[in-house]
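Below are two complexes that have subunit A in common, paired first with subunit B and then with subunit C.
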Partner chain A sequence: MTPADALGALLGDDERASGSELDIFSVHNFEPGSVYRTKARMHGVKRTRVTPQAAEAKRLKDQAKIEAYVALQTEVMQRKQAKEYTPEALKRTSDLLDLNPEYYTVWNYRRHILLRGLFPSCAPAEIVNLLAADLRLTTAYLQIHPKVYWIWNHRMWCLENVPLGPGPDASDEPGSSAAATTGKEGREGWRNEFWKTELRMLEAMLDADPRNFHAWGYRRYVVRSLPASFTPKRTPQDELRYTQKKIEANFSNFSAWHLRTKLLGGLWEEMDPGEVKAAKDAEFELVTQALWTDPNDQSGWLYHRWLIGAAPPEDVLRREVKNIRELHETEPDSNWCMNALAHHCTLLSTMAASDEGEKLRLEARGLYERLEVVDADRKERYRDMAQRTLS
Partner chain B sequence: MSKILDIPLHVSYIQNLDKKKDFGYHLTEHLRLNGVYWGLTALFIMSREDALDRAEMIHYVKRCWDEEAAGTFGAHPGHDGHILATLSAIQIMAMQDALDEVDTDRVVQFLLSLIRPDGAVAGDSFGETDTRFSYILIQCLTLLGRMDVLDRDIHRLAREAILENIRGSMNFDGGFGTEPGAESHGGQVWVCVAALALLDRLDVVDRDLLGAWLSERQLPNGGLNGRPEKLEDVCYSWWDVAALSILGRLHWINRDKLIAFIIGAQDLEGGGIADRPGDWVDVFHTVFGLAGLSLVGYPGLEDIDPLYCMPAKVIRRMGIEKGYTALSRMSST
Partner chain C sequence: MELESDTYDVVVIGTGLAESLAAASLANSGKTVLHLDPNEYYGASQASLTLDELSSWATARSGSSASAEAGPSTPAPSIYISAQRRRYTHASTSALSPALQASRRQYALSLYPALLPSRGPLISTLITSGVSNYVGFRILDSISVWRGEGQEVKRVPGSKEEVFKDKSIGLVDKRRLMKFLMFVAGEFEGEELLKGKEALALPEFLAQSFSIPPGLCQEITYAIAHCSSPNEATLPALQRTRRYLKSIGRYGPSAFLVGQYGGAGEVAQGFCRACAVKGGTYVLGSQADIESLDISSEKDIETPITMKLACHPRPISAKHLITTPDHLPPHLLPNPTGPGPERTTAHCIAVLSSFPVLLRRKADAEETEEREEDDTAVVLFPPEGERGLVRGLLMGEGTGSCPAGQFILYLSSTVTDADAVDPKTVLRPYLERLSQEPLFEAYYLSHDTQSPPTAPSSSESPQYAAGRVVVVESYSQGESITEGLDWEAEQGEKAFWAVMGDKDKLEAGVKGWWEKDGEVEEGEGEEEVELQGL
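Our next item is the complex of A and B:
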């Protein structure tokens, strides 16, 4: 039984149907980006016309389901009010979260049950089992609700609470040679296992939806917080390879391009200028390939603009202007290509001698005028940008 | 397809939200207070703020107070206090001119407890941080008239720490993400730009660069998306468009196409606006669709303030208006 089936079985047939709509939603992958939490069900669900009679019939049919839900909710809230931190209470929060994993108050209550009721009388190994169970629970929820903040939050909370062990006592002197050699791995054994699971889970989540920004954010957290003894070590180079894999699978994956800017920015700070230049040239090669593959894909253009930067060496800028011009001749209708050319001509004009500078600004203005026509939705922007080349 | 906004129908849709107690209604209890804010703001935009009972609403907001866990507002009576619900409560009370009924000191104390040493702001005591929460904290303090507390030395000067964190969330494309390192996203762009505007620190932003990025969110069908190479959604008619307005670049998109897209997402039988034409409606997309329409000058609507997503007349009454550029209101479509 897949988690979706399991949830379907819990919810009954109607909700199962809406569950499959949510699956469609998750494929399309749009999110509210809201200040507020919104239910996944708010997005991308096709409207079907229901008569008032049909709606009323459904409401009556749902009545039993609603009553069961409200009874469960009332019970859980009463237990919470009574500060009941028992295994039975934990079980009831699972029952309620199965039906509504966005109920943040219940997630809070669940954490209090664990922290205040169960953990204090648990051996570390039992705490590990409880946390592993919560990770399994959230994995099942994420299959159906990959965009629910509260589920990701709970997962992060679980990781933060994995105890040290099962190796030598956690109170071992960290500086002792035993701890530094054999002891350390043992002390972080559980943590290493948890983090390994997280990396695997994230791989699957980002395969299913390579633009899910919740998953990318959680991945940043997991990589940043890897236990010191985790093997194999994860270097920024490994992360870079991961972004490359994602980009090669789909040049439009701007999330991966974005991460690349962050990783390279850090790496280049630690390299000598010659190495940086070689590394940048390799990036130019990669992005040029993306641009020629699909000149209308904005991901590559945004990356290209970052790579050139605000104050590039003149020779690099000249080379890139020449390259974009060539692409523009092949793809005269690509807006992004024209935009990039206009921008970089303007930039180059600030470095060139006055004659050539004027020629470059003229070229930029010509491109903006053309853009006003072919990309009329943004014509006011092009007018403003053309104006800027005069000052 | 009608080109007209059916105001009476949307008013009645909002008035009836609380009457249709289906399974979905129960499943969204954790959004109830936000829902009241969305509904009331939508009514204000349509000049029908009297359509819901004021006394009843104020009473409900007060019942959402969570004395025990946090000393702030939760999403519904019995729900834990959280910064998300807190903003909705404060906004509703401001719109109803009832802020004197809020325990301001307690709310301020709660808000200050959320500021982390690196300037990130958490949503509650469990500590999840997000630039959305930074914005909410700043808006709450502004509405409560208590921005002075940011000049306190919490870890260090709170104002500077928060600013630095927002700045650290800015990317090469001019946009902002959920935290330093995160990808730019229309929703996060709005919260960060609005927060900077409230802090009088818009100098941090490259208006042309970010304005261009935002204008590229508009797709040929008139709707806007939140990130490159994604689908359009009515709620970005607020996030992206309000950010453009604050940056003075609202004229950089096609207004007529945006209006047609939002109008097309109405449900002309039951009322309300959906994420895109043909989908189920909800009050969240209804308010952000209306707010977007108001900002681009759709005729017959009340002005909305893009820094707050609240009626401009309320913000003016409170004397906390800052600069922005909206498009002039059309006399007819």
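Our next item is the complex of A and C:
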């Protein structure tokens, strides 16, 4: 998409102006990034199209906005080149980021202003205030742009720069939260407050859009970064329960299943093989419910593939092949089902005796041939996979 | 007491839901409205009553013209009361203990217990009119079906997520259920699976086309399609089911909302408030008694309706009249030759001291979080022997119907042997399955005439044909719990258009609640959003 389209999106267009031409030289410093709508949208909402005439009319109306933006951008870049690290410069960066929060160069500049310009002359408490203000800013931005990498990035940077404290030598008011966190926790009092806010913010974001992978990734970052003194603890089991809650609310959620793989992978390393087998069987149970409820949802199938792994025990593989074969009988047109069945049959054929192995490879080949028809977009891939079953 | 005017554009008698909606929409469109109700409360047949009000209500309707107290000085019952005594019979309430007497005002008991579909005429009108600001709703927490074999209650899944979580349905049956849900949510008219089976009974269709086993057929028939009998034809049942499925996800995981403070009565009152805000005049109670009512049979007369009211020294004249049959003397009814066949329903209203044990969630080892018990629930008892379907609707303190810790249980069932039946005999056994010691019980029978929408073509009164007199019909089919409220909304809208006449007559600047072509605007782009839950 052209810079013009990106700019149009950022200026508040709900519709994409197809066919509008903007002189790209007037936005030569503009870094498009990816396409994001200014209004948060849920998955599955179609976009509306505008006619070229309507788009042109809008472009003319937006000309003033564009000129203002370009002037602001020029000014901020000049300050940056002049290495200006003043509060005034900080304000101008927020003005620019209000219009275009994807402009990561400006985020970098903002961090330099804070780090090199303002922090050196600030007491730790003042630094905390500045970081809190930036976090509030990013929270406001995330309401509108929940999927911009640079906003999440900036949050991480803020958290990593929270100073230790308030310390035992800081003057605390009785009854303040800082005074309550004495002793070992005293040094991480500010940090713990910030992490609490992060967890609360994540709850809200994942309630609003449980399929935002940025939020999920950020959640993993937050949970693993929690200081030892942070309470209440979030154990892997707590996080597992959280993924289960989200999966039960809507199991078409790749990120929730994905987090499960990360958590379980870690937990299973600590368990003995008998426990691991029981745990895996429970996971197969769970994902099977999803597969049978909606065989066309890919998240369940991907999770199932992870559970099978590269070298599953033969009895587990046989069981799953039988299970998926039954599902295939009730859903002969499900691509994912056929893909999975073909893959597992091929895998099982490497473990089975030669004549059974031959039958399994034949079954897989049949499935790939059917897939060539049902999923014609990928027919070359299926042809290739079918070919491999012959070797 | 005296009213401000002798003449009104519209007189509305009865503050039931349909009449109130009509009154409010007409006032909003600039008509002068006089709204009357001989009851001391709003809502008429959809009212929310306190405990003592319910007792008085029952007493007033259980009197007969040959009551022991009748004497030369006892005034004859009004047209309204006589009609009400035919409409509601066998009414009884248990005595109020001192504790109940003291807390009687904390109860809001509905004469019209119903669920509000999240998409439909009433919710749309509530939003467009702004009356939704006056009324609170809760999302229905669960729908369950009684299982005779285990003497237990089983929650019925209604959405993909609930099907996923349901551990009692086997994998193959889950697939079949999902296939059915996907089928009925789409454009099924003309589909192969349905061809030739449109008139088949729904359970038969489910078994034949989707191989659904009998237990699950029952659950679908009563808890998803909300049929009243096992013989309902497939096509209309599927069409109704599709409407409910499309309601899932708008406000929560259920298709239905439960109104607070009794629901229907509160909504009716909300519309009355909206009407008053736009200039409508209200008279309740004995001041609203109608001493005489005359409808002129001349055509083209400006104000064909004349009435003498207790609250006004001179006769009131009006261009239009909207009312229910109970307020009209027999000769003024649209079908003076007599009513059609009747549907008789047995009702029970009970106050429970605690949450029914059978409805408690079964303890689950892998419960992801502490879940509270339901505040609202529907329990369906499929037909047993001679007895037809019994529907139960449970409402807790969250609905504002009762004090903390208690619950209101509404039971209803269509009865066929109307003359020989006692509602308590019919429904008490079902009450006992859910609660051993109710604090309060009330029973009554309601009789609704199953007449088709009356074409106002009686040669006796051309005023009906001209839209001058509009009679609002009450819902008379079996599925009142899910269809009743939208029925009232549609009756109200019909009355509005009958009075307004031509749809193009809405003056510029006057905001009608319904678009000219009768369609209501939903939220923008809603049809593009994926169907939640499926």
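Just so it is clear, the second predicted complex is superposed on the first by the 276 of 391 C-alpha atoms of A that agree within 3 Å, B and C clash if a C-alpha of one lies under 4 Å from a C-alpha of the other, contacts with A are read in each partner's own complex, and residues count from 1 in each chain.
In this section, contacts are C-beta pairs under 8 Å (C-beta built on N, C-alpha and C of every residue); 3 or more make two chains touch, one makes a residue touch a chain.
Remember, it's a predicted structure, so these values are computed and weren't measured experimentally.
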Would you check which partner chain A:294 touches, where first means subunit B only, second means subunit C only, and both and neither mean what they say? second
Partner, of subunit C and subunit B, that touches more residues belonging to subunit A: B
According to the stated criteria, A:306 is in contact with first (subunit B), second (subunit C), both, or neither; which is it? first
After lining up the shared chain so the two structures overlap, which partner does A:249 touch, if you call subunit B first and subunit C second: first, second, both or neither? second
So in the superposed three-chain picture, is A:85 touching just subunit B, just subunit C, both, or none of them (first/second/both/neither)? neither
Looking at the overlay, does A:213 come into contact with subunit B only (first), subunit C only (second), both, or neither? first
Output check: A:65 vs subunit B and subunit C. Expected answer is one of first, second, both, neither. What do you get? first
Regarding the shared-chain residue A:331, is it in contact with subunit B (first), subunit C (second), both, or neither? second
Tell me the contact category for A:241 with respect to subunit B and subunit C: first, second, both or neither. second
Considering only the contact definition stated at the top, list the common interface residues of subunit A for subunit B and subunit C. 42-46
The subunit C residues in contact with subunit A across the complex are 160-161, 163-165, 171-172, 174-175, 178, 366, 368-369, 525, 528-530
Residues of subunit A touching subunit B in the complex: 15, 28-39, 41-47, 49, 58-59, 62, 65-66, 69-70, 73, 77, 81, 99-100, 102-105, 108, 111, 149, 153, 156-157, 211, 213, 216-217, 220, 252, 254-255, 258-259, 261-262, 297-299, 302, 305-306, 339, 376-378, 380-381, 384-385, 388
Show me the residue ranges of subunit A that touch subunit C in the complex, using the header's touch definition. 42-46, 48, 241, 244-245, 248-251, 288-290, 292-295, 326-327, 330-331
Would you pull the subunit B residues touching subunit A in the complex into a rising list? 21-24, 26-31, 34, 69, 74-75, 78-80, 82, 84, 87-88, 124, 126, 128, 132, 135-136, 171-173, 177-179, 181-188, 191, 208, 211-212, 215-216, 218, 220, 225-231, 233, 235-236, 239, 249, 251-254, 257, 267, 269, 274-276, 278-282, 284-285
